[in-house]
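What follows is subunit A paired twice: with subunit B in the first complex and subunit C in the second.
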Partner chain A sequence: MARPISHLPGFTPIAMAVFAALYLPLVILVFYSFNAGEDLAHWEGFGLHWFAKAWENDQVKDSTIRSLWLAAVAAVISTVVATMAALGTTRRARFKGQTFIYVMINQPLMVPEIVTAVALLIFFAWFKVTLGYQGMGYLVLAHSAFCIPFAYLPIRARLESMDLTLETAAADLYATPFATFRRVTFPLLLPGILAGMMLAFVTSLDDVVITVFVKSAGQDTLPTYMLGQIRRQVSTEVYAISTMLLGLTVVMLVAFMALTRKKD
Partner chain B sequence: MKNLLTATAMLMGLTAMAQAEGELQLYNWGDYTSPELLAKFEAETGIKVTVTDYDSNDTALAKIEAGGSGFDLVVPSANYVPIYVEKGLVQELDLSKIPHHGNIAPEWMNVDYDPGRKFSIPWQWGTTGIGMNKTLYAGDINTSAIWLDPPAEVAGKINVTPEMNDVLAMATMYLGGQPCSEDAELMKKVRDKLLEAKPKWVSMDYGMTEKMSSNDVKATVYWNGAMFRSRLANPDVSFGLPREGFPIFMDQVMLLSDAKNVEEAYKFLDFIALPENAALISAFARYGNGIAGSEEFMPADMKDAPEIVIPEELKSKGVFLKTCTGKAQDYITAIWTELQK
Partner chain C sequence: MSGAPLSGPSQAEAALAAKTVRGGWLLSLPALVLLAVAAVGPLLIMVVYSFLLPGEYGNVEWGFSFDAWTGILFTRDVFDDTLRLEDAHLSILLRSVNLSLLTTIFTFAVGFPTAWFIATRPQRQRALWLFLITIPFWTNLLIRTLAINEIIRAEGLLNNILIGLGLIDQPLQIIYTDTAVFIGMTYVYLPLMVLPLFAAIDRFDMRLLEAGYDLYATRFQVLRRIIVPVVKPGIIAGSILVFVPALGAYVTPRILGGGKQMMIGNFIELQFGQGRNWPLGAALSVTLLVIVTAALLVYVRFANREVRHG
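After this line comes the complex of A and B, so read on.
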C-alpha cells in the first residue's frame, strides 16, 4: 500500500521551507510595526507610536474608510450575482455549454489582472468623458465584477454538497419555487453565501492593479495609498498600516473557515 | 436584476452629489505633498485640495491620456513634460493669473524642456550623487571615480542605485560623453568600464536611507534627499556630486487641458510660487524646490544643507536626464541588461 504523502522522505523539510517563506516576512513586518524607534531596520523597543501616527494621518483615514466601504458594497453586489449564478448553474439538469458558462463566470481568475485593468481604463474613460460622471460607481462596478468568482466558488461548492431531496420534498408539499428557496435552499446555503461574501470582501480590500487604473481623482484606497508611499521611503507607518490590514484579513479568513467547516 | 441596477444608479447619484464647491484635484507622487501646505492653502482660499497618489510617470500619463481622469493638476518629471505638451494633455499657463511666476529661480526658469516656464511651475528637484560614510573614506567624493574606479577603502563596499538612466548617464559623463550618446566607440568604453567596476560593488539596491543611517552600508550612489535624511540620523554620512557630471531630476506642476477647476488651479500654482509656501513643500519631502528665496523659510537644518545647496563650482555639471531615443536607447538597454547578469 502506498504511504501517505506526509510520510514520504523530504516532506517535512519542504513543508517547513514553504511555511517559512510564506510566513517569516509577515512575522518580521508585524514585529517591526511595533518598533518604538524611527528607524526601520533597528529594533528600539516596543511602541505603538506608528499606529498612532498612521491613524492621525488624514489620508490614511480617508483611504481606509473608502476601502472598507468599497469592499462592503462590492462584496454585497458580487455575492448577490454569484448566488444567482450558482443556483442557475447547479440547480438544474446539465445543459449544453455549461462548462463555457462556468469559464465565463470565473473569467477574472484566468485573465491577467493587468489586462482587465487596462481594458477597464480605456472603457471607463469613455464613459467618464461622455457622461462627466467620475464618482465611485466605476470602482464599485469593477470590484463587483472581479469579486464574483471568489463569491461564486464557495457558494457553488456548498450547493453541490446539498442534494435535492429537501427541495423536492418542499415542492411535493406545494411550496412555490420562491417559498422553497426562501424556506429551504437559502437557509441551508447561508453559510456558503456568507463565506463567499467574506472572500469577496477580502479580495476587494487587497486589490491594487485594477484600482490604480480605474480610480478617479480623490479615490485612493488603502493599498493604492500604500503603493504611493514606497517611492520615497518605506516608512514604519506603512508597516503599521500593513499590520492592521493583515489583522483584518486574518479575522475575515478565520470567520470564513468557521463558516465552511464541515460538521464532524 | 432591475433592483440591482436601480441601487447602483442611486449609489452613483449619491457620490456624484458629494462633489463640493471650491475644490481642486491634485494628482501627485505618493508621500510628496505636505499636508501643512494644503491646510494653509485651504485656510487662505477656502479651496479644498484632494490629493490622489501615483507611483510612476507612466501610470500617471496612461490615466490622463485615457481621458476623463477628473484631475486638475499633475506633477510629471522633467523628461515627461514635453510628452504632455506634445500630446496636448496640458494647457499653456496664462501667466497673468500667476502674479508670482517671477519668483521661480533663474536657473530653474529657462529649463530646456519648458523654456520660460510657460507650462509648468517647479515642485521639487533633486540630484543623484555619492553618499559616503566619513569613517570609511575621508577623501574627495565629488567624483564618479568613487564607484567606477573605487579607492581601496571603498572597493567591495559601495552600493549603486538600480536606476538605469542615472547609472548610464553618470558613467557616460565620467568618460567624457553626454547622456544619450550615440557614439558606438564611447558606449563600448562605458560598457567596459561598468563591467570592470561591477565586481567592486557590494550591491545594486534601493532602501539606502535606512541602510546608510544604520551603518549597514557605508557608500552608495544615491539621491540627495535620501542621503540628507540619512545624515540627520547619522552625522557620519556625507554627500558628493561628481564633477564629471551628475543627473538632476525635477518634478513640476502642470495644468491639465480637461481640468474642471481652472481658477482654483491657478490660485494653487501662484500659491506654491511664494517662497514661504515652497519652503513647506521642501520641509516635508526634503528636496529643493526651485523658488528663489525659499531657503529663508526652510527648517534650520535644511537652509544650508550640503545635500540641498549645490556648490557654485558644480552647478554647471548638473544635467537634466531626457528620455533617450533610437540608437542611444538601444545601447543603454543592452549595457544595462549585460550589467544585470
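After this line comes the complex of A and C, so read on.
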C-alpha cells in the first residue's frame, strides 16, 4: 500500500517527532529509576538501589499485593459476565433492547472517571455507615463494573469473526446446548476471552481516580500509593515502581497481541 | 450487528432464533446488574444528592434545595441575599473547557500526520508502529504524567537543554502552570487521537488521491477536499475521545497544575474534601456528565448520518 501518491510533505517528520516525544519521557523515567544516587536531580551512576528500597518497603509490598489481587478478581468477574453478555448480544437476530444493553455495557467508557468516582463515593458512603462494612468488597464491585467493556469488546470481536457452522453441526448431531458450548464454542472463543481478561486486568491495575474515591483507610493500591507519594515529593522510589509497572504492562500487551493476532 | 447466517436454515438455527430475545437478555443480565449497582445506579443517586443541603462535616442533610445548582456559577451575598457571579468558579469552568479544546486541537494537529504515516506504511511495518502507539495508551496515566513531569520540571531535561543552548539563563517555570497541564494532557491523550484516526485512514482508498491529482488538484486541495471529508468520522471520534477525558481530567492537572491550576475534576474532588459541599460536588459532576453526553450524542447523530449518506 505504500504508494508514493500517499506522500504528504511534512507528515513523516511530524510523525517521527511524535514518536520521539511519546517515548523520550518514558525512557528518561526508566533511566532515572536506575540512578544509584539519593537525589533525583543528579545522575550518580547505575544501580538497583531504588528497586531494592521499594522492595523492602512494606507499604509498597502490601499495595502491590492488593493491586494484583484486586485486578485478578475484577478481571475474572468482569470477564465471566462480559462473556455471557457477548454470547447474548452477538450472532442472533437483533432484538429490542439490544441498543440498551450496548449502552449499559459501554457506559464506563463514556462517563468521565471522576463522575463515576464521586457517584460511587456517595453511594458506598451510605453502605459504609449503615452496614459498617469497610472491606474490599466496594473496590471489587467498582473495578469489576468498569472493567466490563474492556473484557466485552475483544470477546465480541472474536465471536463476530466465528461463523455458526461448527455449532450448528454439533447441534445437528444432537449435542446438548451445554455440550455444544463446552466442546465447540468455548474452545474457539478462548483466545478472545483471555484477551478480554488481560485488558480488564490492565485496566483495573491502572486505575487511580475511582480507587482513590472508593477505598477505605489502609486500602491503598499501587497507583494510589504512588499518587500519595507524589503529592509529598517525587522520589526515585516512585520511578522504580513505575518502571516495574511499565514492564508488566508491556508483557501483558505482547501477550494480548499474540492472542488476538489474525492468522493469515 | 448480529452475524449473518452463513449456512442454510437448520433445526438448530430455527430454535436459536426463537430463543434469541429471552436468551439475549438472560445472558446479559449479570453484566447489567453489576453495571446497575456499581455504575449507573450511583449516578442516579448523585443526581438526587445535588438537590440536597450540605452537611456540616461533609455528606448531606436531607432537605430539598437548589443551592448546589446556583452555587456552580453564583454566590449568594451574605448581606442582601442577591446572587453574584462567582468569578473563581467561572474561571475554573472556562479553564477546563479551554484547556480541553486546546488539547483536542493540538493532538489532532500532530496526531493526523502520525496516523497518516502509520496507515501508509507497508503492512508488516504498520503493526509495529501501531504497537508503539498502543504501549503509551495502556501505560498507567500516573506514570505518563510523572514522565512528562520529569521533562518539564525546573531541573528537567527541557530546561537543561534550553540553558545548555544558551537560550535562557534561568529555568523556565513551566510546572504548576496552565501550560504544564496543556503539555501533560496533550502527552497523555495523544494515543486516543491517533488510534481512531488511523482506523479511518486505514480504510481510505488511496486511488481517490490519484483521481484528485489527475484532475490537477494541488496537495492542499486533495487534503482539504478529499482526505478530510472521507476520514471525518475518525476525526470526530478522535476529538471526542480526547475532549471527554480531558474535560474530566483529574490526575494530570493535580500533579502538573500543583493544586492551584484546578480543572473541573479537581474542583469536584475539593467539594468532597476540604470544601465539605457534597451537593455542589454532585451538581458539578452532573454538569460534566451532561456536557459529555451532549458531545457523544452529537457524535452518534453525525456517525449515523455518515453511514446513511456514505
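The rule we apply is simple: the second predicted complex is superposed on the first by the 255 of 264 C-alpha atoms of A that agree within 3 Å, B and C clash if a C-alpha of one lies under 4 Å from a C-alpha of the other, contacts with A are read in each partner's own complex, and residues count from 1 in each chain.
The criterion applied here is as follows: contacts are C-beta pairs under 8 Å (C-beta built on N, C-alpha and C of every residue); 3 or more make two chains touch, one makes a residue touch a chain.
Please read these numbers as outputs of a predicted model, since none were measured by experiment.
Asks: Between subunit B and subunit C, which makes contact with more of the residues in subunit A?
Replies: Answer, by number of touched residues of subunit A: C.
Asks: Report for A:219: first if it touches subunit B alone, second if subunit C alone, otherwise both or neither.
Replies: Only subunit B is touched by A:219; subunit C is not.
Asks: Regarding the shared-chain residue A:135, is it in contact with subunit B (first), subunit C (second), both, or neither?
Replies: After superposing on A, A:135 lies in contact with subunit B but is clear of subunit C.
Asks: Using the superposition on chain A described above, determine whether A:125 touches subunit B (first), subunit C (second), both, or neither.
Replies: both
Asks: Where does A:88 make contact in the superposed view: on subunit B (first), on subunit C (second), on both, or on neither?
Replies: Only subunit C; A:88 stays clear of subunit B.
Asks: Determine, under the contact definition given at the top, whether A:230 touches first (subunit B), second (subunit C), both, or neither.
Replies: A:230: touches subunit B and subunit C.
Asks: So in the superposed three-chain picture, is A:33 touching just subunit B, just subunit C, both, or none of them (first/second/both/neither)?
Replies: Once the two structures are laid over each other on A, A:33 reaches no partner at all.
Asks: Return first, second, both or neither, reflecting whether A:97 touches subunit B, subunit C, both chains, or no partner chain.
Replies: Second partner only, subunit C.
Asks: Would you tell me the residues on subunit A in contact with subunit B in one complex that are also in contact with subunit C in the other?
Replies: On subunit A, the overlap between the subunit B and subunit C contacts is residues 41, 77, 80-81, 121-122, 124-125, 141, 213, 227, 230, 234.
Asks: Within their complex, state which residues of subunit A touch subunit B.
Replies: Where subunit A meets subunit B, its residues are 38-42, 57-59, 73, 77, 80-81, 121-122, 124-129, 133-137, 140-141, 212-213, 215-220, 224-225, 227-235.
Asks: Using the touch definition from the top, list the residues of subunit A that touch subunit C in their complex.
Replies: Contact set of subunit A toward subunit C: 1-3, 5-12, 14-15, 17-19, 21-26, 28-29, 32, 41, 77-78, 80-82, 84-85, 87-98, 101, 104-105, 107-108, 110-116, 118-125, 141-142, 144-146, 148, 152, 160, 163-165, 167-168, 171-172, 202, 205-206, 208-209, 213, 223, 226-227, 230, 234, 238-239, 242, 245-246, 249-250, 252-253, 257.
Asks: Could you please specify the touching residues of subunit C with respect to subunit A in the complex?
Replies: Going through subunit C, the ones touching subunit A are 1-3, 5-7, 10-13, 15-17, 20-21, 23-28, 30-32, 34-43, 45-46, 49, 59, 110-111, 113-114, 116-118, 120-123, 129, 131-136, 138-144, 146-151, 155, 157, 187, 190-191, 194, 206, 209-210, 213, 219, 223, 244-245, 247-248, 250-251, 254-255, 264-265, 268-269, 272, 278, 281-282, 285, 288-289, 292-293, 296.
Asks: Okay, in this complex, where on subunit B does subunit A touch?
Replies: 4, 8, 11-12, 15-16, 18, 25, 27, 29-32, 35, 50-56, 59, 62-63, 66-72, 207, 209-211, 213-214, 216, 225-226, 229, 233, 258, 285
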